[in-house]
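Naming follows writing order (A, B, C, D and E), and every chain is counted from residue 1.
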Amino acid sequence: MKLVYIKEDACVECKLCELACYVEHSPTKDILDAYEMEIRPMPRCEVDVELPYSASIMCRHCIDAPCLTACQNGSIYKDERGAVIVNEKTCVGCWMCIMMCSYGVIKRDTRHGYFGISTKCDLCPERETPACVDSCPNGALLYDDRG
Amino acid sequence: MKTIDANKLYYKILNDQIHDAVDSGYRNIAINNVYGQYYIGDGLMQPVKIDINGIPGNDLGIFMDGPSIYVHGDAQDGIGNTMSGGKIVIDGNAGDVLGYSMRGGRIYVRGNVGYRTCIHMKSYKDDFPIVIIGGRTGEFAGEYMAGGVLVILDLFSEINTYDCNFIGAGMHGGIIIVRGKVNSDSLGREVKVTSLLQEDLLQIKEYLFEYCQELNINYNNVMKSRFTKIISATNRPYKNLYIDGFLH
Amino acid sequence: MFINVSNNLPRDISGCGISGFINTNGRRSSGRACVDSICMMRDRGNGLGAGFAVYGAYPEFRNYYAIHIIYQDNKAREETEEYLSTKLSIVQRGGIPTKKTKNIQSRPLFFVYFGKPRAQSDVAEIDEFREDQEDEFIVRLAMKINENIKGAYVISSGKNLGVFKGIGFPEDIAEMFMIDDYKGYCWIAHNRYPTNTPGWWGGAHPFSVLDWSVVHNGEISSYGINKRYLEMFKYNLNLKTDTEVISYLLDLLVRRHGLSLKEAALAFAPPFWTQIEKMNTDQKNKIEKIRRIYGSAMLNGPFAILVGFKGGLMGLSDRIKLRPLVVGQKGDTTYMASEESAIVGVVKELDRIWSPNAGEPVIAKLKPAVSARLFGKSNKTVRV
Amino acid sequence: MMIGDRNMRYIVIGNSVAGLSACETIRNNDKSADITVIADEPFFAYSRPLLSDYITGHVKIEDDRFHYRRDSFYDDLRIEKKFGKRARQIVAKSKKVLLDNSEAVEYDKCLIATGGVPFVPPNLKNSSVEGVHFFTNLTYALELEKALKKAKKIVVVGAGLIGAKLAEKLSLYGFDVSIVELTNKILGLALDGPSSSLVAAQMSKAGVNVITEDSVNEILGTTKCEGVVLASGKKIECDLTIMAIGVKPNTSVAKESGIAVNRGIAVSETMQTSVKDIYAAGDVVELHDTVFQMNHPIPVIPWAAVCGRIAGENMSGIYKSFNGGFPVNSISIGDISFVSMGYVETPDDCRQYINDKRIDEGIYRKVIVKDGIIKGAIFMGDIERAGMISAMIKDNTDVSAFAERIVENDFWWHSLDRTLREKLTRRA
Amino acid sequence: MKWFKKVHHYLPPDFILERADDLCIRCKACVTQCSFDANFYDQKRNFIYTLQQNCVGCNRCVAYCPTEAIVVKNRPNPFREHSHWGAYYISGIKRRAYYGGTPVKSMGNDRPFPIYWDKLLLNASQVTNPSIDPLREPMELRTYIGRRPKYLKKGEALPPSIMLQTPIMIGAMSYGALSFNSVESIGRAVTMAGTFFNSGEGGLSRDHYKFSKHVIVQVASGRFGVHKEYLDIGSAIEIKIGQGAKPGIGGHLPGEKVSESISQARMIPKGTDALSPAPHHDIYSIEDLRQLIYALKEATRYSKPVIVKIAAVHNVAAIASGIARSGADAISIDGFKGGTGAAPEIIRNHVGIPIELALAAVDTRLRQEGIRNEVSIIASGGIRGSADAIKAIALGADAVYIGTAALITLGCTLCQQCHTGRCAWGITTQDPFLSKRVNPDIMSEHLYNLFNVWSLELKEIMGAMGVNSIESLRGNRLHLRGVGLSDRDLEILGVLPAGE
């Protein structure tokens, strides 16, 4: 399946991927609207920085995903593309997935009420290429099928 | 039947005589002792039959739409230039740039032809030009070709594989049909070889039959062979080479 | 000076006509066939230039350089003759016979001089190639006259050869020079349609230096660099016509650099690199060498040329054949022309008639025995 | 898969994580199989950790998030449900599962995934009075829910994961809650001293009366619970006592069927029991613990799911092996989330790395390393990258080069060397 | 915001960076991208402010701002308008006076000297000869750089040469001046395009030895990284005598740019300044040049051409003639508009002559001496487009070197900060974080595109002129006409005025 591959050698730490991600996951997908939202969507990729190293990191969509296995109420599933998706409507924030994620790419979002939500990359189901990849000005993210 | 002796006639006078004959209702004209007079048949629209004995000059049948011209011998350059309809049959060889921008009608040549045969030949709506060459062509056959059919029969050579540089260079429409195999090294950049389909053959069968009849060639022998089809790989071969100058 | 200012004829897209033939047994014939042939291609010219070169024109002076010069006036003639007398020992001189014709109103003076170099001291400085000292002397002489003497132009300077050319249709020029009265074993003719160069007497074809004479249909788009290349070898190009470079290039490449005629043809119209890549190593090396050394001698742009040379005739078209050339053969005579009708119209029942491929030289050479008879055994002819 | 002219018959005893993971795997491998799930509870599969949220009313039985799988799960996978029926015994010779209603169901492969049952201290007196509750399944939760309506004061026995979370929630919900823990710290198996104190403080803040180093010896009351007596002699008045000391494997079927049982059902690396064609998975089995280097039950969802899947693969003929597990815990008490795994207290032969610079903000990290291999970790507060540690434990990653960096607050990919990072960029 | 204004040393900022607050979403891309510390995020006020003084006008932040909130403008002349004393001179004086040093700048001369390329026009065929369709008909750009014999000699092999698929090469820009990724991008692009790049005087990283078939190695006065293996790696060797941007002076790579990797390539200790002497101290005269040329030929067993690069100076024609007679196989001439990684402003802006005139003069001189055909000429120094390249070839060059054009492809905005080593576009820096900004995967493609498109344009123009092989264009000044040039200029250029 196609996956976002990370090229740390090309990441320039601009973090536009994070921006593109939260804009994509906002209701209007308008950059200024998204910025002005009271509770901004959480970016699902995050730029890990320790200069000169920097890289935008997001879910690897494991073939045998430990997070999916660990989920206590079946809120994580694979969609038809093979992407590992969190059903944010049913997630209860038990963080089992976080505990099992080998990459540390699932984030906690506790801003929405009683239950926390595990937030992670969904490979932008509404787009041909994920927003982070499209937004990367330096080709540090590649949307590619390497099996 | 009108007979014209063209010996030492300047082309303008000869062509005047031909037009006079056509205007006075002649539908069969024979021209003897033709030596290089230009523009025979230029712009003629009537369904006349013109027999040429000798060697007609350049631009034979240019802008023609209707007549049938029979050349009993060789012909020179620029035959059927921008021709719209009618037929030219050459019982010999012909020169360069045959069928340039031809839009309709047929040209049948028994022997070899020169460079840039059918350059920029095109078809439009019902107009569909057919050119059949009995021998071989010079380089750049079918250059810029945009429509119609060029058939190369290569009847007189021993070599089974057709080899002629830059076939179909810049071709973006129409088809070239070659009897036998084609050396892919000799193709232009924009074309590819595919196998001939039954419907391609049906499309030209009638014309091949006519060709063989006109030039007294054994149709069955011709049809026994295998054919190769050359078509353009895309109808916009240079799309990516040009960009909008105001792109951001 | 010789420029025809009344050049108001409508411009048709056509081009020049060229025609020529050679009898490989050296049989001399009148120029009638050549005149007829070039005249059949009337529409390839516009009356602004025509000319003929006749090989074998002066058998009685075949060991002397036959120098044809046109003069604007007698002043130029006097100046030239004074200069010539210091350089040449002249055995015969005189006006080239002409006759009055209806269509040619004004004309310059035509003179021919037969002679040999008087001294060879001038050439010592430039003797860097294995070249014939006398030939080199004559080339320099012609250049000097063309360059330095106002109103005088050397139009041919070979042995046993004459060039007759001027402004007019070929039939008029033929009539004026009484071409029918000359006999030659090789003829070339030109019917001119000048475009970017002035229609003046000196600019008519054939262009000739020593035994080279060239008629040309087309334009040499590489003229600028060909000229600059030749200038490095001390050729002065002042005839204002692109064709001029061809005769000098032949002189440089073949006579001075020792290339064969076919190698020179390769330099003029080489195959494309893509084609060269497909060749065997020897061929590839050879052509690559020629292309790289003689890139500046490549003739680029549309052309078909006939080249008369010492002992033969060559036809050549450009590398993508933008100009026509047809070759016919009957017995020991080879015909070349722009149009098939121009051959078929003058010769019946040819043995063979064909169009050579782009860049493919067609060379007809005198038979060795004939060559030996004409030029003497020691006198080298051109290597083909 | 066909046997003769009939489909393979799979029986899964147990309707929770391990059992259903096995069902999914079997169905994926064998489209024609007959799959039957036998369960004593009459419910769809539900999320057990959510029971405390059920009690506090944050989740309802019909909520999607309470369901372990979507409602159409059994139909979609063509699973025959035999719910509300207890499997009594498996007769391996005749390949039958006997139910307690004396029904017998034939199988070709059978999986025991019966989970755990609450552990009751054997010396607890008077434990059979009304008002003593368990909390390990929905049946218990429904009973508790009823009882809570009349209750005010509650004692929770055992400050493990279930107890602590329940106690905190009930307290916030308005009950007067005490929690009694035998050891010196709450959540003792999952936390070390400093982190445990942090949680204890959090619970106290929520109003829970936290009592450690004590235990309930006796329930007071004749028919109804009226209080408890602690080992220290202290008495606590209460309407309800909730026993949350822990769970033990529910091995009754196995034992009945002559299957080898140690602390849990003993299984091979393919999850097969001592009896051919009978497999076991989930809380009921004992697993190889790669950290503690022993076999014992590790009753957590991730391993239950993994083992269920491995059992399913092997049952449907595809060899897959289980390479061992280790304890993992993820829980939130109040605002604090924490994740721990492997050792929580540092054994003598291990090195520990601690970052308690921000412990006041509820952020604390500890990693235990032996010979360069991580053997245990506690992440408290910022838990996002904890999964990388569990992966490193699983993969025996040598962390000597960056062990100190793991406890840094910004630990992530940059803390690793380039080769490890490059491995991470590939898809697992 | 920090107090930064030095009143006594006050030089007004060159640029105004404006940020529209209603568009700024505090994403901080401008902050992370500015390598000159011009943008700062103030967490307390949740505001991004600008230190105008630091802005170099590189437009990195503008390019990265997702909402286009930033505009960088030239600051209008802050001094009193004066037609003689322009701001350039006033600030020049102040800078020298205050700081006590001569300003060093990078990239090419930015003073408004005439550009002869823009006064030359190209030819096209009409009627008398057909223009050639370059897309369909063969059109040849293959060019050889190396010595040619005067005439064909039987059985004699041609002297060594390098073969270019297109007459455009990338000129000398050293690894050290350029980042690793820039060299990598250039190497990959020339490999794809079938042409060459010049290593510059900084040696070659071993990681770039893979470009052996496409690299011209340079030997300069500092002899950095010059050893037998280096000479063997190159397809050709270039002796650098001078550089167009700074004729007569040597190079200076500041120690800050001498990273571990640079130190390996240059074979000097890390962190030390890499100073090239002004002359080669084994060449004090023309016969010494011959000695070095043949030393290099000996070392490489006469297997590769030796190029000699000189800056275009006043008597360039005579010098070139001397070089041609000293055994050089090609002469590379670098005009005064050529770029540099660092040069004293006074030299960069005032020394040397335009390449157009130098090239014409050299070609003419070599022709007068009858030796033009025997050597190749490479022209460089401000080739901005394929039209400049074509004009150079028509004036007499065999091929051109491009430098700045290649850097622009890599992202350069000509902010002229190469000498600081802080290139915000990652091109001329050794900072590992900044140099990541050039992604060779992308940039090599872009550079390759540039080669391809320029080649296409070359073919288009040649087709229009009616020649189908580059050798018919080379030195063919009849395809050029001058506009707005004096008779003397025309004479030197050897071209006719338009209309003639």
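In the analysis below, contacts are C-beta pairs under 8 Å (C-beta built on N, C-alpha and C of every residue); 3 or more make two chains touch, one makes a residue touch a chain.
The model shown is predicted, which means the values in this text are computed figures rather than measured ones.
Identification of common neighbours of chain A and chain E yields an empty set. Graph distance from chain A to chain C, where chains that touch are one step apart, equals 2. The largest tally of C-beta contacts between two chains is found for A-D. Geometrically, the chain at the heart of the complex, using CA-atom means, is E. The mean-CA centres of chain C and chain D are about 104 angstrom from one another, to the nearest whole unit.
Each chain gets one centre point, the mean of its Cα atoms, and the points for chain A and chain D are 28 Å apart.
Remark: chain B and chain D have CA centroids separated by 86 Å (rounded to whole angstrom).
Separating the CA-averaged centres of chain A and chain B is a span of 63 Å. Among the residues of chain D, none is in touch with two or more other chains. For chain E, residues that reach two or more other chains under the stated contact definition are 137-138.
Of all residues in chain A, those touching 2 or more other chains are 54, listed in ascending order.
The full set of touching chain pairs reads A-D, A-E, B-C, B-E, C-E.
Note for the complex: chain E touches chain C at residues 125, 127-130, 132, 137-138, 140, 142, 144, 148-149, 151-152, 158, 161, 367-368, 370-373, 394, 465-469, 471-479. Chain contact summary for the complex, chain C toward chain E: residues 11, 13, 129, 195-196, 218-219, 221-225, 227-229, 231-234, 253, 256-259, 263, 272-274, 288-296, 298, 300-302, 319-320, 322. Residues of chain E touching chain B in their complex: 133, 135-138, 453, 456. Considering their complex, residues 17, 21, 46-50, 53, 58-59, 63-70, 301-302, 305-306, 309, 328-332, 337, 339, 341, 383-388, 390-391, 412-415, 421, 424-428 of chain D touch chain A. Chain contact summary for the complex, chain C toward chain B: residues 40-43, 275, 278, 320-321, 324, 326, 339-342, 344-345, 353-355, 357-358.
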